[in-house]
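Both complexes below contain chain A, partnered by chain B and then by chain C.
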Partner chain A sequence: MRRLRLPGLALALPAWVWLAVFFIAPVAVVFWYSFGYKPGLFGTHATDRLSFDRYLEVLTPTFFDTFVATMNIALTGTALCFLIGAPMAYWMAVKAPPSWRGLLLALVLVPFWTNFLVRTIGWQVILSPEGWLSQAAQTLGLPAFDILYTRGAVLLGVVYNYLPLMILPLYVAFDRVGEPLREASRDLGAGRFRTLWRVTLPLARPGIVVGVLLVYIPLMGDYITATVLGGAKGNMVGQLVAAQFQTAQNWALGSAMAITLIVIIVLSAAAVGAALWLVSWPLRRSYRVRLDSGVTQ
Partner chain B sequence: MSSSHDVRILTSKAAAPIVRRELSRRGFFALAAGAGTTMVLAACTSPDGTPLPGATGGALENALSIYTWGDYDAPEVLEQFTTDLGPKITLDSYGSNEEMIAKLVAAKGTSGYDIIVPTGVYIPQLIENGLLMPLNRDLIPNIEYVDPAYLARDWDPENAYSICKAWGTTGFVYDTTVIDRELTTWNDFLDAAQNEASGRTSVLDDPVEITGIYYWANGIDWDTTDAADIDAAEAYLIENLAPHLAAFDSYPGGAAIPQATHALMQAWNGDARLGIMNSPEPDRWKWVLGAPATELWMDNWAISASAPHPEAAHAFLNFVLDPEFAVAQLDYIGYHTGAKDVEAQAREAGLEMLDLVFFTPEQLATMQDGEINEAQERNVEIWNKLKAAAGA
Partner chain C sequence: MSTSSTTDAPPVIHRLRKPVIDRLLTVWGVLVLVFLFAPIIVIVIYSFNTGRLLSSFEAFGLDSFAALFSKHVLSDAVMVSLRTGFIAALLATLLGTLAGIALARRPGRWAAWFMGLLILVSVTPEIVDAISLLPWLVFLGQDLGLSMFNDGTVRLVIGHSLFSVAVVSYIVRARLVGLPANLEEASADLYASPLRTFRRVTLPLAMPAVLAGLLLSFTFSLDNTIVSSFVQVSGSTPWPVYVLSALRGGLRPEIAAVSTVMLLITLAALAVVALVLRRAGDSSAQIARTMAGG
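Up next, the complex of A and B:
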């Protein structure tokens, strides 16, 4: 009997169909709407006349200011998640007893059992000036703290909500480097710091990139965490897009904003990638091993 | 069904009427499908294209689908309807009028919803898009129990499409331990926000409510489309109010009042009442109805133009307007239902803080119906600028 051979692509078919229907098609529709206009008071969009006018309307000082504030929170939040998540992931993958790892991973995922919004509002209750944390501080003789509705509260919420998205890919990356390579590094005379810097981190780089993108990209679009904990100080650009689709019912302008955001996010992610590449370039050059000559440069 | 196609079915006495009703409905659909869609459309549209009432007082269908705001009807009232009249109710909810409208427009008449509950200012848009079915008022005699004060509002002066479901107004709540003077007007609100309550003030997260504060305080028509008025509102709000705002919060009664996170909060009356009742120190808070003018918003019962169960929908509207249910509905949502003598009943039932639910005729006279007009885009722009300025 002849075996039926499917082309390799067939395995990816469900994923492609999914992406085409639920990602590419909606983005294409938004892209199309962004060239349209709002036809009168009660219409949301029309595309019988196409123009770039909506893109000109997007580029206002309000959009720019809000975008800078958003970028600020997204970059700081991503950096904090990395600084807190990387040691945690390293410890889980390398230092913790292997029998604990399943349990530790489960614990990292526990917050996902509860709805995102409920978790964030939970922090609002904890941080409120008359909440239990503030009252406990006062009974200990510390001043009542007023952190709710500040940038600090926003970053706290961001780290809390996004940390697992950073830890998981980093854990997988550190785990894949494997004990034998670290052992070999030490055998060849490298100290702990050198092993980390020259073996573990470079090999874990794909995981680091994934973790950073997984936190940074959704964070640029998230305005729930920021408004719940930051109030007026948590104004995010996602809110502007929502305002056009919902309140103003101007889907054309909302679409142009969404497309502008997508472009900027892709560009900024590419810029971060390029920066990382440039920074590590001298490292890679000086430590590259050439198998043909067998000697480091 | 014509006599040449008689169908004889042996069934129990109880099941017979249901079988007959189901068969005749299916027969109708088969006929309609055979006749083609134009005929069906012609059957429910008048020559000028407006939909006609789809109910004539015939037998009720066995289901009813209601698309409304979350948690907006007392469950016992809905259960009573099914017990008394039969149709099983399916509930679905939305969080904003725009969401509901977008869904109805996108479904192009196949949404399957019978009853929707739009806010008054959105009704002209729904009518223009042909999304509402004109009410057959003969089937809703209980409209006589609705206080005429809440009928014939600007958005539907004949109540041809809608009947008051609940209404509320806007004011503010302040913390008397932070602000120890008496506040009574929107000007007092703006003054306190820039003084005692600086950095601890919140406003509703809604563009027309925010520009409203300025218009109401200064005796300008809330629905103004005059560019000079709008520019003045923008300049004042961004320069004077924005630096003092802590949050844009449409429901301070949910958390901010019980947890005392802010000292001065613009709020809707029912939400303020809920927050003060849930506060560990209710005496600390004071409610002020916006003055010299404020708004009156109203959510309205209406029937979708494509309602699959129009008879049941009319029966439901008539049922829910029965004065018997007014207090249960009011107690559940915390807003006036518009029923005529609900105030006396509510006092008799011992409901608390009724001064945040019922208002005097003099106060009612200061409440303005809003409208969605050409100023909407500017309002949204001001709202976004204000947020950017307050977050800086």
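Up next, the complex of A and C:
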């Protein structure tokens, strides 16, 4: 007897259609526009003549310099997020008393859920030369703050804004390793560092990759942080793309920039992934425990 | 292996050399938390600033909160955000729940493709969504003459729904994958129609994830800044876009006040999410995974 079953595709169909119409189609259109041109002062785009000219325009020094600066900030920011976030996640998942863990997670989630722009404005207030921190420094005889609207301020802002995205997957990864495995490692005579190096880190590797990509990808496209904290000096690629659509009204060039940005993000994310894979080579050699092979279950 | 013997012995041994690094880690953890909260606390404190400019604190008072009611641009922006958030959350939850159930219970060859699409949607930088939606909505609304796409709320709801659909799908799928399908099979064996099984068994099983997805989508929508600033039309400006535009003309304490109010709304929604998941028996790591968007 055949039961009447709703095929899965039918249930997922509304979401399919929705994403096809409002995600795939728009990106496809942008791809198409990127081969067009801007007709005159008041038009935004025209596609009756198709060419690669906009891509050549993208590769001018202005865009290239901004792109290198963006990449620089994205890589430095991701590395800093990892260096700050990894010990934090390790502490939360392994060292902090288990009864604190829920509270600590909630505390990390609150900034993650506070509006991005608002958090960045908070830093603008803290760093501003008229702010209380600057005034406190001045009463102590130190010079007034001169950090706002520098590259350092942008870096601080992006590290701050994306840190929770690094901590959360790392926490999940460290938590997944679990106390019994670490205990087993110590019972078998491994020291603390040996346990960290040969058990905890290899098992947390997927979480590390996820954390790095979760920080790096949105960071490459971010421009709000740079606008608020970097002023004119903090130009990021996202800002250039946005300007083509919002002020210059040159959708053809903006589209070509956006497509270039997507390609760069995909390629560099793949490169970052490959680099992580290479760096973790010594770790993998000591990979002895697999969670799915029934060690913990 | 008995757990009691292993928990008894090691702490005694490790106490001997534990403190230094562990204490450093604790200090680090506390410092990171201070870092994470510094700007939020500053915004909350400065929302009580009675001065004219946000960044120079003059005196403590509630003037800026009063301005939320007297300044209509500001209260309108909040209302636009709440309305959009409500509609976008309902829509994303409806689409995402169906997709999540399909992915968990009826995966076919399409499922891998669909998961790929969802991952693509959730990792695409917001700026790309924003700049591709704007020409598309203009094309639909003006070139094809579908006037509904010229409506501010419709545009915002579309922009906010994309990421949320992906997140709700993940959460619902993750919850159902963790629960065996035998209850549904039992229901079918007892001659319940597929629709009845869906309504009386599958949906209640997925309910904690559905509620969590609904509230998460709502807060995603409240927070959305970049896509909103592209697709919004004048007259339906959501509050983050209002803040963004205020940035150019000098920030006033009202900005901090509206941020504080929205923060409270977001936190209330998140507390409910955590409570729902906790009552459904999730561990804190599972809750973290869910609340971080899958």
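Everything that follows uses one rule, which is that the second predicted complex is superposed on the first by the 255 of 297 C-alpha atoms of A that agree within 3 Å, B and C clash if a C-alpha of one lies under 4 Å from a C-alpha of the other, contacts with A are read in each partner's own complex, and residues count from 1 in each chain.
Everything below uses one rule, namely that a contact is a pair of C-beta atoms (placed from the backbone, for glycine too) under 8 Å apart; a residue touches a chain by one contact, two chains touch by 3 or more.
Not measured: the values here are computed from a predicted model.
In this overlay on chain A, chain B clashes with chain C.
With both structures placed on the common chain, the touch criterion links A:N250 to chain B but leaves chain C unconnected. Legend: residue contacts after superposition of the two complexes on their common chain; A:D48 is shown touching neither chain B nor chain C. Of the two partner chains, chain B is the only one that A:A69 touches; chain C does not reach it. When the two structures are aligned on the shared chain, A:E130 is found in touch with chain B and with chain C. When the two complexes are overlaid on their common chain A, residue A:Y171 makes contact with chain C while staying clear of chain B. Set against each other, chain B and chain C differ in how many residues of chain A they touch, and the higher count belongs to C. Of the two partner chains placed by superposition, only chain B is touched by A:Y149; chain C is not. Annotation: chain A residues 44, 121, 124-125, 128, 130-131, 227, 245-246 touch chain B in one complex and chain C in the other. Put simply, chain C touches chain A in their complex at residues 6, 10, 14, 17, 21-22, 25-26, 28-29, 32-33, 35-40, 42-43, 46, 54-57, 94-96, 98-99, 101-103, 105-108, 110-111, 114, 117-118, 121, 123-136, 139, 158, 161-162, 165, 169, 188, 193-194, 198, 219, 222-223, 225-226, 229-230, 240, 243-244, 247, 251, 255-256, 259, 262-263, 266-267, 270, 274, 284-285, 287-289, 291-292.
Residues of chain B that touch chain A in their complex: 96, 98-99, 102, 105, 124-125, 128-129, 202, 206-207, 245-249, 255, 259-261, 372-374, 376-377, 380-381, 383-385, 387-388, 390-392. Residue ranges of chain A in contact with chain B, taken from their complex: 38, 41-42, 44, 62, 65-66, 69, 121, 124-125, 128-131, 148-149, 227, 230-235, 239-240, 243-250.
For chain A in complex with chain C, the touching residues are 3-12, 14-16, 18-19, 22-27, 29-30, 33, 44-45, 84-85, 87-88, 90-93, 95-96, 101-102, 104-126, 128, 130-132, 160, 163-165, 167-169, 171-172, 175-176, 180, 183, 186-187, 192, 213, 217-218, 220-224, 227-228, 238, 241-242, 245-246, 251, 254-255, 258, 261-262, 265.
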